[in-house]
Structure formats: structure tokens, C-alpha cells
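First chain A sits with chain B, and in the next complex the same chain sits with chain C.
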Partner chain A sequence: MQTIWGWLPAIYLFLGGLGAGAFLAAATLEFTRKRYEIDICPITLVGAILPGPLVALGTVLLIFDLGAGLREPWRIFYMFTHFSSVMTWGIWILSVFIPLSLVYGFLEVMDSYPMVWERMGKRLTLLQRIPVRRIKRIVAAVGSVFAVGTALYTGILLSAVGPAIPFWSTSVLPFLPIPMMPLLFLVSAISTGIGLTVDLSGTLALPDMQERFRRLPLIHLALIGIEAVLLGLLLLTAFVEGGAAARAAQDIAMGPRSLVFWILIVLPGFAFPLAVHACALGLGRHPRLVHLGAGMGIVVAGLILRYVVLVSGIPVTL
Partner chain B sequence: MLPSNWPRWITVPIGFALAVVSIVFGLILVLSVEAFASSPEPTPTPPRIAYAAPLSGECTACHTDQEELRETSASEEEAERMYIELSQTESLHGRLGCVTCHQGTPDTEDIDAAHTGLVDDASVYFQEDCLLCHRELPDEYADDNLLAPHDAVVDGSAEDLTCGDCHGSVGHGYDPVTGEVIISMAACMECHEERDLDVACEVCHVEMAAWSPDTDCALCHMVPNVESLEDTSLLAYDHAQEGFACLDCHNDLEGLEQVHEYAVPGGPVSALRVEMEFCLDCHVANEHTSYEQVIELTEEYAINDEEINPHDPHAGLEQAEIECRYCHQMHKESPLINGCYGCHHERNFENCSECH
Partner chain C sequence: MKGKGCHPMEKTGLSRRRFLGLALAGGAAASVGAGFLERIGEPGTEEVRYSPYALVIDTTKCTGCRACIEACNLRNSLAEGQSYTDVLDRGDEHAPWFLPVQCQHCADPPCAAVCPTGATYKHESGVVLINEKLCVGCKYCMVACPYQARIFDEKRGVADKCWLCLEWVLKGDLPACVEACIPGARIFGRADDPDSEVGKLIASGRAKPLHPEFNTHPAVLSYIITEG
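Our next item is the complex of A and B:
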């Protein structure tokens, strides 16, 4: 088993994607004004408040995983100016996204619970003059760009390991030299983000969730479809590429990783949610417990997908 | 699902808890399923190496600065030898940092201290460090029909031979991933000759295919012919720069096929004797001009204050015709005016009958 790339990187890549996806889900409700159909929206509350802590936690784990970063943390500051490294892109993206997420969460709380705002306002009269919703919209818009950057970065980080572990830098198609991992991780991040905010938090707290979000099954079906195609292409391109990439793909699809892949990724993350949302699209509604199960399946499969991709990466033979 | 009297903000800690639960749940699930799956083959993980790029800044600062090196080196030649291009520190191995391979004392401005414990060729002392990453070294490259004595080097039976003898430039510009620079066969030949080893083709090249126009000429004719394409002092270089390849001049394919059929490793190679017309195809402006144009170019040429046109040396005399190749060579130094002194051995241009 890989000793360097295992559970810890899988968890922080997952947290990065989950936070970014949750932010995008909340920002979408903000832009479509759906958030304002109710006074306190649990979906935007979770999607605005949690990304900051989740991504920050992932970043702490990342620093913990970097041996030198832990022993000599000041060296991390050198990375801000090392522009030829993708790590520098990441450190800038995270440095902007985390504070923006925290501000977004703060503004969402202020908007949802105005009495807290008023209590603070008595002490700081300047705060009362702030147009909360307008600023929140700007923060959501700018933050969305960095959320996409964060989700893409989790994949770019892997694909940048490049020639050393060919499976991670597998291209979208054999003749299209665009790395697959950033795209796959972006779609997976959005899926897990919607899973946490809408499927889990929304279903738990909003009795009329399904009536409010009638297009949700369609969105889920589209995301599951895109993610399945990307995952299929990843394995196919890796097979065509041959060598260490093909061996990794074989391990996942038919080899020792196949049990985890089919039972813990494809079944709960693709097949079950696909069936649930296809039925929901046809019938108009489905049991809430089933919806919760589909949401949980998507989130857990997102984590396990990253783990399997990581542990299956085989270094090239030099 | 949640009781209606619960506040909505409760979804935030619940959401966070669900994220944490997902991780724990996922971990348990994977471990449980993996217990039933066949054990994956241990993935060969590249070992951690003593990465010392951040500690090599002082080495780089000095060795990429020619002025600094001149001030601190014993001679101009030594300064030249110690100089490295900054771009070399960006190569795959260069990025590991100087100290990683060359040891010494890291991160110090004191020149003497920095060079204490320095090693010139890391592979002499730390061959195992190369083998950390380069694990499966073949003895035969089937695609190239080429043998390489990797096993003998690794087990020590190749006397005194280390990784650095063939791959010494790996940290200084040689990029084994892109393969933009390959080890020159001249280096193999030189080493074999130095060690009095067999230099026959079949010692390294196995199952050589029959010659075809697509065959890489460098396989057999690296020295001196193909090598000369990179020697700026030779005309072959100028022709190569204009985009000419071997078969543009050596274009008698039928003849080439015949001579290669009976060629033996190390056998004699006949030089191509091109006629003047062949050169003029390119060196005169168009088909309506001729050698007269070449003569005009050096009309006012003088040798020892005597006006002698080297392109029209025997003007007015019924002498044998001259060929360009008498004075202009491709793959070796051109004799130029020295070519004349073969006959004009007294180094004057009187008629022969003046003396004889």
C-alpha cells in the first residue's frame, strides 16, 4: 500500500472539494434568489458557514502532511512567490477562498438572524449602514470563482505530480492533452457539495424540500451522468496510455481495488442516487429517508473516490 | 425530519458532524471491504531523498555567476569549468539541489566550508542513491537493438564503471524524461578505447536491421561524420543549419544500398566525391548563371600581394579542371589555399616549368 499518498491526502482533498461544492450550492441559491423564499434557509446556512472551516481544516491537514511544512512552517511563506510551482497557485487560491468563505458565512448569519446584527450594531453603529445582501452577493460571486479554483486545484495538485505517477496525469482523451483529474474532482466537488447542503441538510430541516426544488433530481442526474462519463474516460484513457497508468486502471476496474470501486463508489455514489433521482423525476417525489441515503452515498463515495485514485497511483518505472 | 421546534441553525453543526461522520464511515467501509478483497501488490513507492534545494542557494548563486567565479578561482580555465548555466538548476535532477548529490556543507557563504566533504561524481560514492529511483534498469533496449551494461555496473563487475560515467551530465541539462539529449556514442567509443575494450558494432548493437533510407546514420557513422554536423568550424555544420540531412548529399540510394549490403563493422567508409555541378545547384543564383559567377566573387583575391583568383587559378592555361572538394571539405577541416600547395610546393604560383 502507498505510504505517502493514502488516507490523509484523500481527506484533505475531499474536504477541499466538499467545501468548494457547498459554497457553490449556496451561491447558486443566492444568485437565483431562491434563498430569499424563506427567512432562514438551512441550505445556504450550511453552504455559507461550513466551507470556511472545512477548507481551513483540510489546509491544516495538508500542512501537517508536508513534513517540512510542519517542522519549518515559515517555509510555506516562500511558496507565495514561487510562481513556477502549482503549489503557489493553490496557496493563493486557498488564501483568498478561506477568508471569503468565512465572510460569506458571517454575512449569511447576519442576514438570517438580524437580531444578532442589531445587537452588534448597537455597539458598532457603522455596521448598521452596511448593505448586507449586496455585499453578500458580491462575496458569493467572487467566492464562486475561487471555489471553482479550489475544487479544480485539488485535481491539479495530483495531475502536477505528472510523469512520476502517470495515472494521476491521465488526459481527458488520448489525443486531448487536458488532465482529467481537475475536471473529475470539480464535478465530484459540486456533487458532494449539493449532497451535504441540499440532500442532507435541506432534507433534514425543510419539510417541503422536494416541492421547493423540483429541478433537483434533474441536476443530480446531469452531475452523476457527467461524473460517470469522466470516470469512465479516465479508466479508458489510462488503459490506452498503457504502462503504469494502465496498471492502475486495471487495479481499480478489475484488480484488487475493484471491490472498493464497485461496491463503495459506483453503487452508493452513482447507481443508487441515479435510480433514486430517476424515480423522483418520474414520480415527482420520493421518501425522504431514501433521499437522505442518496445524499450520504454521494458524499461518502466522493471521499472514497479520492482515496482509490490516490492509492492506485503507481509510480513510473525509471 | 428534524423536530419543527428545533432552530434552523442546528443544521450547521449537524452538517459539520455529517461531514466528519462521512469521513469516519468511509474509512470504516473501505477497511471492511478491503479485508475481503485480495491484497493489492505493494505499490513501489519512491523513497524519500534528502531534498536539499533550499540549502543549495549559495552554491547556485556563486556557480552561476561568472564574475564571482573568476574572482575566487585559481585560473580562468577553472572558473570556466566551474560555471553552470542557471537553466541547468531547473532540470529534473537540478531541482533536487546541488547539495543533494554533491554533498559539501549546505547553506554557507564560506567557500572553504561549503566545499568541505564535496564529491565531484555522486555516483562514485553513493551509487545506491541513483538506484533508489532507477530500480528496473534493462541490459537490453529491444526497441533500439542496443545493449547497456547496467547489471554489470550495479553488481560492480564492470570494473570502475559508475552511473556517472555514462549519465554524468544528468544533473546539468541532460533530461532523461524528454530524452532531448541522449548519450553520445562518441562517449561510449572513447571509453571503450581508453579501456582497451572491443569497439565492434555488435558489442552494443544487436540484431541490426538491414540498411534502409530511414536508418539512423548516427548508429554507425557518428564519428566523425554525424558528429561533424555539430562542429561549428566545419562546413557540414553550415549545411545542417540550412536544414540538409545526410541523404540530401549522399543521395545515391541504390549505391548506398549496395555498399551497406556488404558493409562490416569498422570497415572502411568511402568519402563521397561530388562533382562541381552538384554544389552549383545551390551555390549559384539560378540555372542561367554558372561557375563564372563564383569566379566573380573572388576576382580581387590576393595571395602574397599577387592577384590570384582561387576560383579561377589556372585561367588561360589548359589545365585539368578543378573540383570544389579539392579545397572545401564537409566533415573535416577544409584545406582551402593549402590545397594549392600540394602542387605549388614552393608556395609560389609560378608555372611548373619555371623550376622544372
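Our next item is the complex of A and C:
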């Protein structure tokens, strides 16, 4: 078992991915113009407003996991300086992503609730001159790049550890030297992001969501399918590699803690949503409660996946 | 506010297909890029620097008494049970043997590469040191060390490890673990002196780096693992 990084880093990795994925979901609706089919789109609202605070919260939690950095917080500024470290890249990426997300959230609120701004009296004339949609589009575009960066870097943080923890640097395929973690974390981020914005917020706030997003079951099936393949490949390739990586994979899927994997990741994150959306494809609709359940399952599974990956990072045998 | 900033492209925007294609292409490029970029933090890509000091561990002589652990704990005033060196049990009940492991003072230390503040660094003596004032306690170095050589000082909230008792060594004395070793399994000296015991052991090839496949180029420690 890996005992150095535990729950707090797991939550941080999860919130980073969730925020990034939610941002990308909102940005997608913006770029495909689906956002403008209704005046107020709860999916883009949630996907624009939540990422900033979510990722910021993850970062704050992480600061509490620091040792001396918590007691002498000015040391955190040193973390911006050492570019050979993936952690330094991460702190730079987040320093751009968090403010951009907060701006995106603000702009999306402005665009959705113009009456709020109309009540702001004198300040209004300045606000009225802002081309909200144009700026929103630019922020969404730049933000999307950093969202992908955020999701990827959380995976690279682990895969860059190299020989010390073989499981984390497992490749996509045994003969392909591309690390799996960044890919898996990116797809998981998108999945949980859609889970939060579309499945949870969309279902709750849009009574006709399933009619509006007819392609949603297909998109979900594709994403879940891709993530399942990636997760399966991770475990298989780790098995093939042998050593500590194989032991990690074995621990996850078959060890004493494997119940966590099957019941808290595979079931809520893959099996149940897969069944729900496959039925939706066939039957055309399903009860909103079921859809909510699937969304919640995907989000929870994303958190548990991060934790299991961390805790299963068995160190190399000396 | 609505309708402002409208421009001919606005009504059509990006088609879903194009968006998906762009997204997939971007994702593929990003993943491959990630694979290349991560090598920046990986050992083996920086200039390799060696050390004048050498510590040879002769596992054929180590009895597993763990006096080195005790001595290290005392000299460095560490918390109870903590030590910069560790002695691992190896072999089986019929042929047990012991593997003392501590910081190898690698020429290409992965701990220094992953440290976000630059607190861990390679000193001119070849010893890998930690500048306590820069350490934030993120533990990335602890996770990244393939020799699992680092410990966490809960009181100061910083990472900590073997410093080769540099203060003593510079004065001509020995590291605590070497001094304490009764069976003589630890031999310390100058690697650049061909007449020293360590110099001869290394030159003859009897003393070798531990797990060279990690590619970190352990620069100070080397091991005798088999007889003869």
C-alpha cells in the first residue's frame, strides 16, 4: 500500500478533474451554440460557476496537507519556481485556470440574468458596454485549454514519479511508451464533469432535458466505454509488467480491498450508468430519478477511483 | 446585453462533428505530448554528477543487528523509531540476509527533480541535501524516491533523509552508521582514491550500484551483494 499520499491529495485530484470536466462541458455547449437554445441554461451555468470554487477548494484542502508550508504559507510561493517538477507546472496551470473559471462564471451569470445587472444603477453603464458573449467565448476557449491541462497534469503528477511507483507509470499498452494515468484522468474528468453538469444539474433544472439532449445517451455510452477500456487496459498492462505494478493491479481487482473497486467504482461509475443509458437508447426515456442516480454514481466513482489509484501505488521492491 | 457582440458566425458556430473532431485530435495530441513532457521530471535526462565520497555496504557481512539505525537516530536526534537508514529483511528462513538502504545520493536524484521548491538539491560534495527553509512538506520527494529513503519530520513539517553526516565527514570523521557497524559491513572513504578500500572495491567491480535500472545513478552508495 502507498501510505504517503492519502485522502486529501485524492480529493484534490478529484476536484481538479471534476472542475476541469465541468468547465469543458459548459464550453462545449457554448461552442456548439446549444447554450443559446434557451435563455438560461443550467448546464452551462453550473459548468461555468462551479469549477473555480471547486478547484480552489481542492487547492485549499491540499495546503492543509502540507507540513511546513501550512505554518509558513509564504513558502508556497517557492513552489512556482522549480520547473522540473510537475507540481510546479500544476500550480501555474491552476493559477490561470482558477481565475479564468471565476471570470467565466461571472460572465455566464451576467448573460443569463441581465435583470440582475439592470438593478445595479450607476455601475450599469460600464457593464452594458462589455460584449459579454464575445469575452465569454474567448474565456471559454482559453479556459478549455487550461481545463485540459488541469485534468492531464493530475495524471502526469503520478506518472512522472517513474521507477519508484511502477503502477503509476503503467503505459497505455506494454509496447507503447505513453503513460496511462494522464489519459485515464482526463477521460474521468470529462465523465465526472458531465455527470455534475448534465446528469445532476441538467436533470434537476430542466424538466425536458432528455428531449433537448437526444444524443446524450450515446455520448455517455461512448465516454463510459472509453473509460472502461482505459481502466481495463491499465490493470491488464500493469499485470503484464509484473513486479510492484502487477501487485498493485492484483490488489485493486482481487485483493482484500477489491470490494471497494467493484462496488464503489465499477458498479456506480460504469455498470449502472451503462445500463441506464443503454436502456435510454432503446426505450427513448427513463425516469429522472434514475438519471440522477447514474450521474451521482459517476461522480462518486471518480472520487473513489482517484483514492484507489493513490493508495494502490505500491513502491518498487528493493 | 443579449444580442450584443452578435456577428455572422454566431448563428452557425462550430458544428458538433467538427467540435468532436477537434476535441479528439486535441486530446490525442495532449496525451502524446504528456508522454514526452513528463520525461522532464524523469531521472536520466539531466547532467550526471558524481561524488568524491563512497560508502560501500557489504551485505555478506551485515548481520541485521541494526546498530546503524540506532546510531543514526541518536546522532541526528530523530523521533523514536525514526532513522535515515533502514535494514530490510531479504532471503528466506533458510538463507536470510539483510539489505541496509538509505539515500544513495544519486547523481541524478529524482527527489530533486520532483521537488516543487528546489529544497532538495545536489551539493558540491555529491551529497543530496535538503534546504529545510524551502521545504513545504508536500511529500512528492518521498513518493518519488525509488529507494524509499526519505522520512517525514512531523515536528518541523519537512522531508528529511540521510545527509551522509556531512559535517562529520568534512572534518575527517565517519558517518554514524559506519562508526556503529560492528561486523564491518559499512566501509567509507574517498571514491577518487584508488588506494582506499572503497576505491579498490569499486574499481574491482565487487561493489556495484543498487538497482541501476532505476536510472538515478546512485553516486555515493554501492553494494557487495554476493560472496567473492
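Descriptive notes on the structure:
In the analysis below, the second predicted complex is superposed on the first by the 311 of 318 C-alpha atoms of A that agree within 3 Å, B and C clash if a C-alpha of one lies under 4 Å from a C-alpha of the other, contacts with A are read in each partner's own complex, and residues count from 1 in each chain.
Everything that follows uses one rule, which is that a residue touches a chain if its C-beta (ideal position, glycine included) is under 8 Å from a C-beta of that chain, and two chains touch if they have at least 3 such contacts.
Here the structure is a predicted model, which is why all the values come from computation and not from measurement.
Under the clash rule set out above, the superposition-derived model of chain A with chain B and chain C contains a clash between the two partners.
Contacts of A:75 after superposition on the shared chain: both chain B and chain C are touched. Of the two partner chains, both chain B and chain C are touched by A:315.
By the touch criterion defined above, A:54 lies against chain B but remains apart from chain C after alignment on the C-alpha atoms of chain A.
In the superposed model, A:307 lies in contact with chain B only, and not with chain C.
In the superposition on chain A, contact is made by A:183 with chain C only, not with chain B. In the superposed model, A:111 makes contact with chain C only, not with chain B. Of the two partner chains, chain C is the only one touched by A:131; chain B is not.
In the superposed model, A:164 makes contact with both chain B and chain C. In the three-chain model built by superposing on chain A, chain C overlaps with chain B at stretch 92-100, while the rest of 2-10, 20-28 or 92-100 show no clash.
The contact surfaces that chain B and chain C form on chain A in the two complexes overlap at residues 2, 4, 75, 78, 163-164, 313, 315, 318. Within the complex formed with chain B, the chain A residues making contact are 1-4, 7, 11, 14-15, 18, 40-42, 45-46, 49-50, 53-54, 75, 78, 109, 112-113, 163-164, 196-197, 200-201, 203-205, 207, 251, 255-260, 263-264, 288, 292, 296, 299-300, 303-304, 307, 311, 313-315, 317-318.
Residue ranges of chain B in contact with chain A, taken from their complex: 1-2, 4, 8-12, 14-16, 18-19, 22-23, 25-27, 29-30, 33-34, 36-46, 54, 133-136, 176-177. Residues 2, 4-5, 28, 31-33, 65-71, 75-76, 78-79, 81-88, 91, 110-111, 114, 117, 127-128, 131-135, 148, 152, 155-156, 159-165, 177-179, 182-183, 186, 313, 315-316, 318 of chain A are the ones touching chain C in the complex. In the complex of the two chains, the chain C residues touching chain A come out as 1-2, 4-7, 10-16, 19, 23, 26-27, 30-32, 34-35, 37-38, 40-43, 46, 88, 99, 101, 110, 112-119, 132-140, 142-148, 152-154, 156-159, 210-211, 213-216.
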